[in-house]
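Working notes, structure below.
As written, the chains take the letters A, B and C, and residue 1 is the first residue of each chain.
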Amino acid sequence: MADTYVLVHGAWHTGELLEPVAKHLRSRGHTVHCPTLAGNRPGDDRAAIGLADAARSLLDFLEGEKLENVRLMGHSYGGMVISQVADWAPQRIRRLVYVNGFVPLNGQCLNDMVPPHYKALFDGIAAANRNAVMLPFPIWREVFINDADFALAESSYAKLNPHPYRTFTEPVALRTELAAMQIGKSFVNFQQDVSLPHSMPWHPRLSERLGLFRLSEAPGSHEALFTHPELCAKKIEEAGRD
Amino acid sequence: MADTYVLVHGAWHTGELLEPVAKHLRSRGHTVHCPTLAGNRPGDDRAAIGLADAARSLLDFLEGEKLENVRLMGHSYGGMVISQVADWAPQRIRRLVYVNGFVPLNGQCLNDMVPPHYKALFDGIAAANRNAVMLPFPIWREVFINDADFALAESSYAKLNPHPYRTFTEPVALRTELAAMQIGKSFVNFQQDVSLPHSMPWHPRLSERLGLFRLSEAPGSHEALFTHPELCAKKIEEAGRD
Amino acid sequence: MADTYVLVHGAWHTGELLEPVAKHLRSRGHTVHCPTLAGNRPGDDRAAIGLADAARSLLDFLEGEKLENVRLMGHSYGGMVISQVADWAPQRIRRLVYVNGFVPLNGQCLNDMVPPHYKALFDGIAAANRNAVMLPFPIWREVFINDADFALAESSYAKLNPHPYRTFTEPVALRTELAAMQIGKSFVNFQQDVSLPHSMPWHPRLSERLGLFRLSEAPGSHEALFTHPELCAKKIEEAGRD
């Protein structure tokens, strides 16, 4: 079956970093797009961009490419963005696929779903850097890409970009809660993802907000897109197919 | 080691659907039976059959075949049935093996262990169909057989039969709670089984009611018997051996 | 990378039982030591040895061998011992690696982290055996080495030794809580380890006391050192490397 996938990256990432995953999906016959959201593009003013801007840039992409029947994947922060776009343009979307992605309730921002010590850390970094937040390397290495060796942890870290902090603090505005949306919904959970601590985990804490949803799981960290791109593609397909 | 296994199917299933699992167990040297419980046989009056009737039909089978030293496996609803039979005829049973199976306390019915929205859904279907409850396909596809492709989801669904609802509402009557029963007990947990939501999961929520028990786990959905029959057999053997 | 590992065994075990794991780590280029703690050596007076004695014997070993930059692994009870030694000699330790190991808060003893029915069981055995506690075989077979066949369950059980109970009841004394210690910390969780019930699990209940830590997981029981020594070595390396 040749399906259309749009893969939406997480914070600090770009669409280009999802290309190794996209390549495997394409080799399985699918059409795949990996746009980079407003706020993570070279030259974007990190102080100016909020969640609605990032979501608008994704909707612009879907409309510009005239995409329909889309399997719309959101990784991590990308979950916030696809949730907002699903509310704006459900008619373009066949299924939402969250990959360790944030699943908001109406009115929530990303920071509402993270542990207090993360929020305090990011508040401090944002205040010192005009809202451009970079993730400290020790956190990246220990809890984001815990399944990589040191060389990959370093080389992947070098590809990240400072993230516009207002996308973490600006809430989504949903006319319909995700649990009630009448489109397909799936959640892929990489099981050693402790970027959110397992005492307040991605699944089932956030995933179950989707109402009826399909679960796929695999071994791997939050950054399986770097450490296991083929497995990542396989799980996105298991979650995204009809 | 050549052991004797009796595999007891879940709701909507028949013993025949466990034959692919049984085949793999037989190829490993075991004797395997897959009876179909009263209530799920062609022509059974779905309005007339309750849990005690289903359990009686299993006990009749064990007695009719003169089976002893049995490794008695119950899948899902089958856990209710083997629990009742273990109370009636512990001397025939070497070990109970629950495969994502319900583990009741004395006086509980299956519906006491499922989320309220399932109970409401099934109450409505039962009322409209003379107690013969069919599982809606979207639920089957998304949370029962989430690891199948669409073709297998459809072909397996076509093999299900309407289930007698009184078996969900009639309580077990146990003279001894399962935790105190002096027979071997095991629980096989397929890890992506979200037929019960992971916020109120099979394991450890229900499994720990067994007291001292052996755990086996494997990747797979509630319907691993369809999607991974060989793995299912391997796990039943790991759980069922001495 | 050639690193130095010191593997610290759990209760009832000796360092020798970790040699199959050490062999695989050595074949990957590392230097590996497997000392046996005071209290588990032949002839040790089980009534005389407490936690501080066991920890002192480990520190003596590190000092005697002049080991520095150590990846210090503690399995199960070994987690208590490496925690105490990390407080005494942090300058010798590059990273702590807990493998389903106890992670104490200052002032806690091992028994503070186990279910009440274990404590009651061990209290009784200790009282009857001059503080030399042996683990009953049914518990070993069902919840410690649940992934073994019966032959391995028996042969491994025969290698255990009576454990000095004061090491379970004597608290650690930490000047700095583990979460605040400025050394690397990792936790390896074998996922079918129900030696602690999954309703009060190793991870994340105890692991998150480490503060920022790296998680590795793999399928296996508490006794993966017997059932999957190569996988065990691989996971210790993933957890122990920089």
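By our rule, a contact is a pair of C-beta atoms (placed from the backbone, for glycine too) under 8 Å apart; a residue touches a chain by one contact, two chains touch by 3 or more.
Please read these numbers as outputs of a predicted model, since none were measured by experiment.
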Interface composition of copies subunit A and subunit C: same or different, split at half: different
Fitted rotation between subunit B and its twin subunit C in degrees, CA, nearest 5: 120
Mean-CA-position distance for subunit C and subunit A (Å): 37
Multi-partner residues of subunit A (each touching 2 or more other chains): none
Interfacial residue positions of subunit B with respect to subunit C in the complex: 203-205, 207-208, 212-217, 238, 241-242
Interfacial residue positions of subunit A with respect to subunit C in the complex: 138-139, 141-143, 146-147, 149-150, 191-192, 194, 197-199, 219
